[in-house]
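For clarity, chains are labelled A, B, C and D in written order, and residue numbers in each chain start from 1.
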Amino acid sequence: MAIDRNSLRGKLFIIIFGAHTKHGRQFDVFLLWFIVTSVLVVCLESVPSIRNQYHGLLHSLEVFFTIVFTIEYLLRLYSHPKPLTYFLSFFGIIDLLSIIPFYLTVILPAGHFLVTIRIIRLLRVFRILKLTSFVHHAHVLKTAIIASLQKITVFMLTIISLVLIIGTVMYVVEGEENGFTSIPQSIYWAIVTITTVGYGDLTPQTPLGQVISSVVMIMGYAIIAVPTGIVTVEMSRSMPVSRKAEQVECLSCGKSMPLNSNFCSNCGHQLNE
Amino acid sequence: MAIDRNSLRGKLFIIIFGAHTKHGRQFDVFLLWFIVTSVLVVCLESVPSIRNQYHGLLHSLEVFFTIVFTIEYLLRLYSHPKPLTYFLSFFGIIDLLSIIPFYLTVILPAGHFLVTIRIIRLLRVFRILKLTSFVHHAHVLKTAIIASLQKITVFMLTIISLVLIIGTVMYVVEGEENGFTSIPQSIYWAIVTITTVGYGDLTPQTPLGQVISSVVMIMGYAIIAVPTGIVTVEMSRSMPVSRKAEQVECLSCGKSMPLNSNFCSNCGHQLNE
Amino acid sequence: MAIDRNSLRGKLFIIIFGAHTKHGRQFDVFLLWFIVTSVLVVCLESVPSIRNQYHGLLHSLEVFFTIVFTIEYLLRLYSHPKPLTYFLSFFGIIDLLSIIPFYLTVILPAGHFLVTIRIIRLLRVFRILKLTSFVHHAHVLKTAIIASLQKITVFMLTIISLVLIIGTVMYVVEGEENGFTSIPQSIYWAIVTITTVGYGDLTPQTPLGQVISSVVMIMGYAIIAVPTGIVTVEMSRSMPVSRKAEQVECLSCGKSMPLNSNFCSNCGHQLNE
Amino acid sequence: MAIDRNSLRGKLFIIIFGAHTKHGRQFDVFLLWFIVTSVLVVCLESVPSIRNQYHGLLHSLEVFFTIVFTIEYLLRLYSHPKPLTYFLSFFGIIDLLSIIPFYLTVILPAGHFLVTIRIIRLLRVFRILKLTSFVHHAHVLKTAIIASLQKITVFMLTIISLVLIIGTVMYVVEGEENGFTSIPQSIYWAIVTITTVGYGDLTPQTPLGQVISSVVMIMGYAIIAVPTGIVTVEMSRSMPVSRKAEQVECLSCGKSMPLNSNFCSNCGHQLNE
């Protein structure tokens, strides 16, 4: 379906979904600030001292932002040429998830559950990414990460197996009296250690446990090299080898050739007479 | 010895060891779920609260899984054209190790020892790797890691020497009153620090100790670059430089051109008639 | 405006701003030692035990260094051909900021505020970088980092979004009774975890919290690969591929040969007669 | 001075310093085990429980090893064609340092000082590196690390400046009541944080301190990419780009050429008729 640029729906679509008109850009900038501010309000509301003092103001702001985002969501649904496509798209779902929790709070006034649902609100932050001007760079990163995914998965399966075995060994070696109360708990420790996070809430107490930990740590030190290697290689394959890999354009067919070509490899046109 | 595809042994071999027939794939999927579930059962059994409540169920499941894996192991031995080769292969040993500890538990009903042996059971998890479809990617990773091994070994020997000396210096500087009760304990601290794990169970208390720690940490920060560099370079050597690197050779001058070229960029010869 | 090399201003300019004359180098070396010593004095003054014992000496030294740096600053302003350009330049501002806090201390003798301002003094340390002879290497690093900045920014925005969502999830899962007292506090925990710092002042206590933490840690482990990949690729693009990459061109067929070749490997033409 | 292979000195030189004869290799293997065992003895002696029980045995072993190493050191001095060159060489100094502390212990029987000196003994471990067969790989690593040193130095100076400023800011923000008792202490914290070690002995308590820490951590996360990038690029420049960069040898002059060369670039001999 073509967009009628003169109808209200067409104009709204260009403003809300596009960023190439003045009004479209203004809308996006407004939206960015609204999202950032609303996230800030939710964060501040969670701080006990601030909540106690400014509860009324923060709650009003939250109601205001939710209404604004709801209107925006309805306008998006209305103005999109294919509302269902939008509704089922990634950002359509995110847009919906960023307003739903508030209304659930109204329906279910139970304190504790409310808090659990509140978290999904935060997902609206992802919408900020839509506004980034670094689309090209994001694309290079995305390509490299997707190309790495299969290798990263193999690597992750190896890590998970490793962590399972290390966790069990430590559970047996250290035992419940040193805080390794179960295999899952020991696996948690193994992950904390192999990723070099090292909280220190669980630490090996026995000499044998410390020896095993040392091996695990040095192993983790070497293992961290693997995902880095994968991503680096994939990234270098997504980009030209050298910033100096300058190109010459064929005057006949317009295709780019390496600078030192004699003939266009596309149409056979002679490049440097 | 050739496999007789019509005999029972031949059919079993194709189902159990192969993954290219429908039944073979079904068998592998079943096995995957059995392994994951049995590992989960062992993990859950180690959690005190769950063990107390569901001890009977978990124990029955463990008996069931062990019987299944034992039958599977015997069938593998029976169906393999060269049973001894399988028995001595890596996965043959892993398969055996994943059932033996249970039977040892039956023979030796002593509580504490039992727990120590239980850990080997977990090794059966490695069998999951057999089922991965990412064989190619695993191979690239494996090649790169093997090619890195010698350099990583040189690096590791340097780290071990370094950690020994740092550990001794800290033992002398901090002393037993600050928790550095022996050289091995100080080496453990040095490894925790240089790998950037940093539990915090042992920390330098004296100003000199903190200065030395700072140097060790910054050193560790720079040193972490070395294994990463090794693996990255080896990995980039295992893969074609560019995803676009497939080449076609010019029949006229012999120069390599990108696969999608129509003409040789060197002599102008038409490539794909 | 040209510099009159015989006037006092011209001579001062060459000594103070230049490093290619004997006096200019001597001035820079003096300045380096003065800066390092004055920073050391400020650091020592902050240590309670040293401050109590040597307060008079340290304070006198600080007065002395500040006077020296003030005279130096005035001489720079006087001798520079375009004082305003210097005044507004990066190092002009740093030079000013490295003397101002002391005078503010004199005007405002209030204890606590004084301490707050003192910190800016430390910025004078940056001037040391002026004296480094590793300008070329600093330039290569700078080029690579600037070229990486846009990609790093995209990456950082993703991390910030991720950390916000993880922080909220953990606030909901762990709750105030386990130390996750607010969303900002939980975000702080998420950053501590995903960067693999892992202080251990906040750690997950509930099983679900530990599972989520484990996922976050493994994610952080894989994510750390991304900035490394970005910087490595940009750095490799800033440098020639091989230390042996210097080439000589064959005068007969035009192909590039390694510098030490005697004959062209393509057409057999003798290269260095 | 040429070595007389038939004199005692010449024979000793070949055995002690060389590794290409049967006796030379045997000597090196013996030495390796002696060094490893003696280091182990020193480590075990530092463990209080072991020292109390086996003090006599461990002390005797230490005396024995020191005598052996002293005789070895004297034989090295005697057999080397240029004793002074050996005495002043890196390994000459290490060899001496690995026996001196024991004799100092005999002269100065004071308990505490003795411990301080004991540490230098550990340096003998470095001699193990002499025995490694991975000389080539060590050389590649060494070349890459040396080539990286200047860039790493620029990087390290930047880090030190950064850590100084961050340390001062945190000293002002957190203050003595939160454990940041002095600027050096705060710098120690900044290094612990930026290197992602994160002991947790000092942690920010104020909201502003936690915000600054978060920025420092994310910065450290990005900064860790820089040394890795430097080393990776230098390492990739020390090694051939591809394992497939196979070579063809010129039948006329013996020099290796890239596989696709038509003529030897050294002597002009035609390679592939």
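Quick notes on this one:
Throughout what follows, a contact is a pair of C-beta atoms (placed from the backbone, for glycine too) under 8 Å apart; a residue touches a chain by one contact, two chains touch by 3 or more.
Since the structure is predicted, the reported quantities are computational estimates derived from the model, not experimental observations.
Because chain B and chain D carry the same sequence, their contact can be compared by residue number, and under half of the numbers here are used by both. Set side by side, B-C and C-D show the greater C-beta contact count at C-D. The most distant chain from chain B is C, comparing centres defined as mean Cα coordinates. Repeated interface, listed pairs A-B, A-D or B-C, reference A-C: A-B, with more than half of the contact pairs matching by residue number. Chain C and chain D have Cα centroids separated by 28 Å.
The geometric centre of chain B is 39 Å away from that of chain C, both derived from CA atoms. Shared interface positions of chain A, defined as residues touching 2 or more other chains, are 184-185, 187, 196-200, 224, 228-230, 232, 236, 241. If you draw each protein chain as a dot and join the dots that touch, every dot ends up joined to every other dot.
Interface residues of chain C, counted against chain D in their complex, comprise 39, 42-43, 46-48, 115-116, 118-119, 121-123, 125-126, 128-129, 132, 134, 137-138, 140-141, 144-145, 152, 156, 159, 184-185, 187-188, 191-192, 194-201, 224, 227-232, 234-236, 239-243, 257-258, 261-268, 270-271.
Within the complex, the chain D residues that touch chain C are 147, 150-151, 153-155, 157-158, 161, 164-165, 168-169, 171-172, 176, 181-185, 187, 193, 196-200, 203, 207, 210-211, 213-214, 217-218, 220-222, 224-226, 228-230, 232-233, 236-238, 241, 257-258, 261-268, 270.
On chain D, the positions that touch chain A within their shared complex are 196-200, 228, 232.
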